[in-house]
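Below is the structure I would like to discuss, written out as structure tokens.
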Amino acid sequence: AGSKRRNIWLDCDVGVDDAQALMLALSAPEVELVGVSAVHGNVGVTQVGRNIGRILTLCGRPEVPFFLGADEPLVAPSMDASYFHGEDGLGDRPDAFPPYSDVDLQSEPGHAAMHLAAAAQEHEGELTVVATGPLTNIALAAKVDEGFPQRVGRLIVMGGAEKEGNVTPTAEYNFHCDPESAHVVFRKFREVLLVSWECTLRHTLPAPWVAAWLAKPTAKARFMAAVMAKSLAYEQQRDAALEEGGDPAGGWNACDALAALLAVCNEALLEAEPRHCTVELQGANTRGMSVLQRPSAALPANTLLARKVCMQQYQRAMEAATD
Amino acid sequence: AGSKRRNIWLDCDVGVDDAQALMLALSAPEVELVGVSAVHGNVGVTQVGRNIGRILTLCGRPEVPFFLGADEPLVAPSMDASYFHGEDGLGDRPDAFPPYSDVDLQSEPGHAAMHLAAAAQEHEGELTVVATGPLTNIALAAKVDEGFPQRVGRLIVMGGAEKEGNVTPTAEYNFHCDPESAHVVFRKFREVLLVSWECTLRHTLPAPWVAAWLAKPTAKARFMAAVMAKSLAYEQQRDAALEEGGDPAGGWNACDALAALLAVCNEALLEAEPRHCTVELQGANTRGMSVLQRPSAALPANTLLARKVCMQQYQRAMEAATD
Amino acid sequence: AGSKRRNIWLDCDVGVDDAQALMLALSAPEVELVGVSAVHGNVGVTQVGRNIGRILTLCGRPEVPFFLGADEPLVAPSMDASYFHGEDGLGDRPDAFPPYSDVDLQSEPGHAAMHLAAAAQEHEGELTVVATGPLTNIALAAKVDEGFPQRVGRLIVMGGAEKEGNVTPTAEYNFHCDPESAHVVFRKFREVLLVSWECTLRHTLPAPWVAAWLAKPTAKARFMAAVMAKSLAYEQQRDAALEEGGDPAGGWNACDALAALLAVCNEALLEAEPRHCTVELQGANTRGMSVLQRPSAALPANTLLARKVCMQQYQRAMEAATD
Amino acid sequence: AGSKRRNIWLDCDVGVDDAQALMLALSAPEVELVGVSAVHGNVGVTQVGRNIGRILTLCGRPEVPFFLGADEPLVAPSMDASYFHGEDGLGDRPDAFPPYSDVDLQSEPGHAAMHLAAAAQEHEGELTVVATGPLTNIALAAKVDEGFPQRVGRLIVMGGAEKEGNVTPTAEYNFHCDPESAHVVFRKFREVLLVSWECTLRHTLPAPWVAAWLAKPTAKARFMAAVMAKSLAYEQQRDAALEEGGDPAGGWNACDALAALLAVCNEALLEAEPRHCTVELQGANTRGMSVLQRPSAALPANTLLARKVCMQQYQRAMEAATD
């Protein structure tokens, strides 16, 4: 029955692994992708919108509505991070099929935060929100609609670091981009399912699997191979330079897709632990740090920290994403 | 011709002097009060809404639309300041005419920030926004509609301190309540007309004038006398305790009404100076401080600091407010 | 030959485990304890001095010079932490042998930081400094004698946390007590051998071993049993209350003694890793945090992070301490 | 009788106006200059020491002992400010009489902070300390000798801003150079006589007076004319560029000499007000700000803020300095 379909909203800053998250969600059975929203991050929000339109075109899903949201953090000015994902966020292969010139899809008018808040009203208690970029849109939705945090059924966030950041010694990229929004989210939501930077490092897709995945004779696999080329080359270079850390055999950490998996397939979450999380706003070395503590009476759990995800289900879902 | 009327929006946290600001705006000739929005501050936003409804009832202006906005600061948790304005924000005289029980007016649905952004679209370049509470609604309107700051014709803010705060050594109440929103406003708007705490101290309404004003045989004057009683008593007690500072003969600083005057009567502004203003977010003693500098190439003017206001026009407008 | 003896200075805030560190150093062969200095921390500096005198009396070593140092942090006001170690820092057993009333030893005149700097001049390049309290004295020695950091042969510090603090979510006690001093130390010294909070947790002395150790028929063991009673009871209660973490069978983490072991017996250090360390001075949740990073060209190693210590040598040295 | 002589210690970062302060103190009747200490600031501490030796040579006072102190702030790394006072701190006229090559005087061994603390012990309650540079030496003396703040008879500090800084919007140079030391000083001393940046601006030596002063046919006046040339040219250029502020006719603000005057001639202080002062350590715009408040029970006065100084006595003392 249609009523059993899972309603999902994806808020993202596409971004290669956001693209993978979106393709995973589009291919998942029994999932209704209620909306997709763009947020600043890897690239500016306008480009994120173009990238969302391109993925929807690639996947033949023009009916999925998408929206532009915040083009800068809640309080601080923007940072720039185009070095990693390329200038267009998708590996700078504008010609790869579907080329930008073939993409007609347009974002809907109105700020994404308003549409997200409206969707949570329409699907009260039944909407899973997956956030794979800076949390500005989520925080804004909570600020312009105070009932929003309670109405969202589940909030799954890719972000934060348990011990060591990937941008600063203590801060992960998404939280570092907009610490105030991350702070607001953990203050307003009763429970965030958190897929941390370290969690994604523990769930690397092995290099041979990735090679086979990209070699599939499908349009989606060809597209993925094109947009990942730059990132893969960068990572190989970095791995060669590093003494330690990471899978020595390489592989791919599809951070955002791992979060999307938990939205479409709850059973894939094998282990998780309750935590209290707050996001540090100050400090010469600690702005944007996710401060995680074991819950106490004074600081009750507001976070479920994902520990272990089923690699079989993950790989199966990733397979489906490019079929 | 109606098209010459000045379009004004008042965002306030009523509050006795916000009530005076609203009554001043309602009584001003050639003014179209496009909307009134409530923000947290002196009391919670729901109570602010009730107070707006009560003033509109008192003034026989049920057609003016009003809206509820933010009930807490943009990022940090709320502070409480009910000690000064009384528990209901209007001197705790719920029985005074019109008693709360006689007020039927309801706020319009939807968040005030959205309605404010829509009003700025409708009256592009022709809307004067007066903000007499914490700047949360203004900041949110700028965040959910990036064109908002450019569309607003004028923004007049009561807030900030030039040298010494009234809540902390460095911070004025409205900015101290929500430093992040104030920070955002000065980062996004090209020019804020700022009525600082010290500016209001330089424009005290003399005690004899106030006494005569409250003694007028009108419903509005009687209401004002009732709701000001608590604050006047508090101030007299404080003045007696202070060694120095303030008008020795007492008097009343209607901070918010002074800002409203500049909205309805531009010519009342006799002197003002350009400044660069930013709002400090950190510091053991300086969070919420308005950091004012003479403009430079690196830090161009974003603020017009009100220096001198015409007391005749101020008193005339205040007279009209309670006629 | 006497010239081969290892010259050691112990800076401590006695404290039960500081007492164990001092007794360990006093009993170590081939060690010349050049001086002992007192710093604020578990108790005030005057009481720390009394406790040092008591231990020297217990161990029959009245010739060892000791000095009083800082009674408060470098910049901030003092904190209090008497809850754990008891009001006198040694488990509140003033009557246990040797009772305070029998202790005649007096600290030498002059600030400990000056004496420490002088000792480093006398034993240039040959002095090992062990710091088991807040780092105020060490920082002050570096400030009043700019050559001090280079003259010290080795600096071993018990302090800092690799992932989770024991006072705040991010800060360990010694660093939390005086973040500015810890910051200065890591800025001025080329290499600090750091025994972190987690390192001490990985080197718990097993409960049965502790029981046997305390049951020895010696004056030193009897003293130790008396002064540890309160802490052991507190820890048992806490362990019972905790869901997880720590050795389920209990045991004792003699944090400061572990650092002292590495001073007297270099070979006991089995594994260590170079790091860059800086100490965060700000943050709502991060003040006093030891920010550890893998070294880079921009941030070269200034820290050797102790990973693994030989438990046999540790237990043997602890045995000797109470023989 | 010699016992009536006023004992003065000058701590300075010479610096043209520090040189004026030193010359003023050397020429004052009934003053015993107990010691002079060098602190980092306008130039490095070694160069400050050379400059002190040069001034003592110029004034024929080789018997006055001087000492080198801190070469960097208490906690943070150094800043550089050689742009204003020239690379050698004295206008880069190494050849002017007496040239550096003729200066034989050497600083005494040992850190200035120790000597200062010893002097306060020797002259307990009778020593006036004048600090005209960053407060690092003063703070260190208070840290290595906890009785120091009580033993000092008077502490006169040139530093801090009442409203607007001269380095940042909120911070004056000396406090900005070492906020932590300034913070410590106001926390430890019962009363600091503070000569703020604004106070020095209110006591400008008029341009004609300065011209006559520099034209005197004395060696000291010739030296002064030489070392001031660069600063005077810089200030004329700046005044021409400024729209407003400062004496339109120019003139000279001998900030440090004004503080020295109050040490040698107590009656020159015509007006002063008690304040509570603390120094902000954080903030994007406020680090190093002197936060001044009217005293209260919670925050009692620790500062006497100089308001008005006798210009006649000031000019007379300055005359004597170059006679």
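So that you can tell them apart, the chains are marked A, B, C and D in the order they are listed, and the count of residues begins at 1 in each.
Keep in mind that, in the parts below, contacts are C-beta pairs under 8 Å (C-beta built on N, C-alpha and C of every residue); 3 or more make two chains touch, one makes a residue touch a chain.
All of these numbers come straight from a predicted model, not from anything done at the bench.
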Checklist entry - So which chains are sitting against subunit A and subunit C at once? => result none
Next on the checklist: Going by average Cα coordinates, which chain is farthest removed from subunit C?
Outcome noted: B
Checklist entry - Distance-wise, how many Å sit between the C-alpha centres of subunit B and subunit D, to the nearest whole number? => result 45
Next on the checklist: Please tell me the distance, in whole Å, between the geometric centres of subunit B and subunit C computed from their C-alpha atoms.
Outcome noted: 57
Next on the checklist: Measuring centre to centre with CA averages, how many angstrom lie between subunit C and subunit D?
Outcome noted: 41
Checklist entry - Where in subunit C do residues touch two or more other chains at once? => result 281-282
Checklist entry - Which word fits the touch map of the chains here: line, ring, star, complete or other? => result ring
Checklist entry - Pairs of chains that touch, anyone? => result A-B, A-C, B-D, C-D
Item to check | subunit D contact footprint on subunit C (complex, rising order) | outcome: 70-71, 74-75, 77, 111, 113-114, 140, 143-146, 180, 183-184, 187, 281-282
Item to check | Of all residues in subunit A, those that touch subunit C in their complex | outcome: 162-164, 169-170, 243, 278, 280-287, 289, 291-294
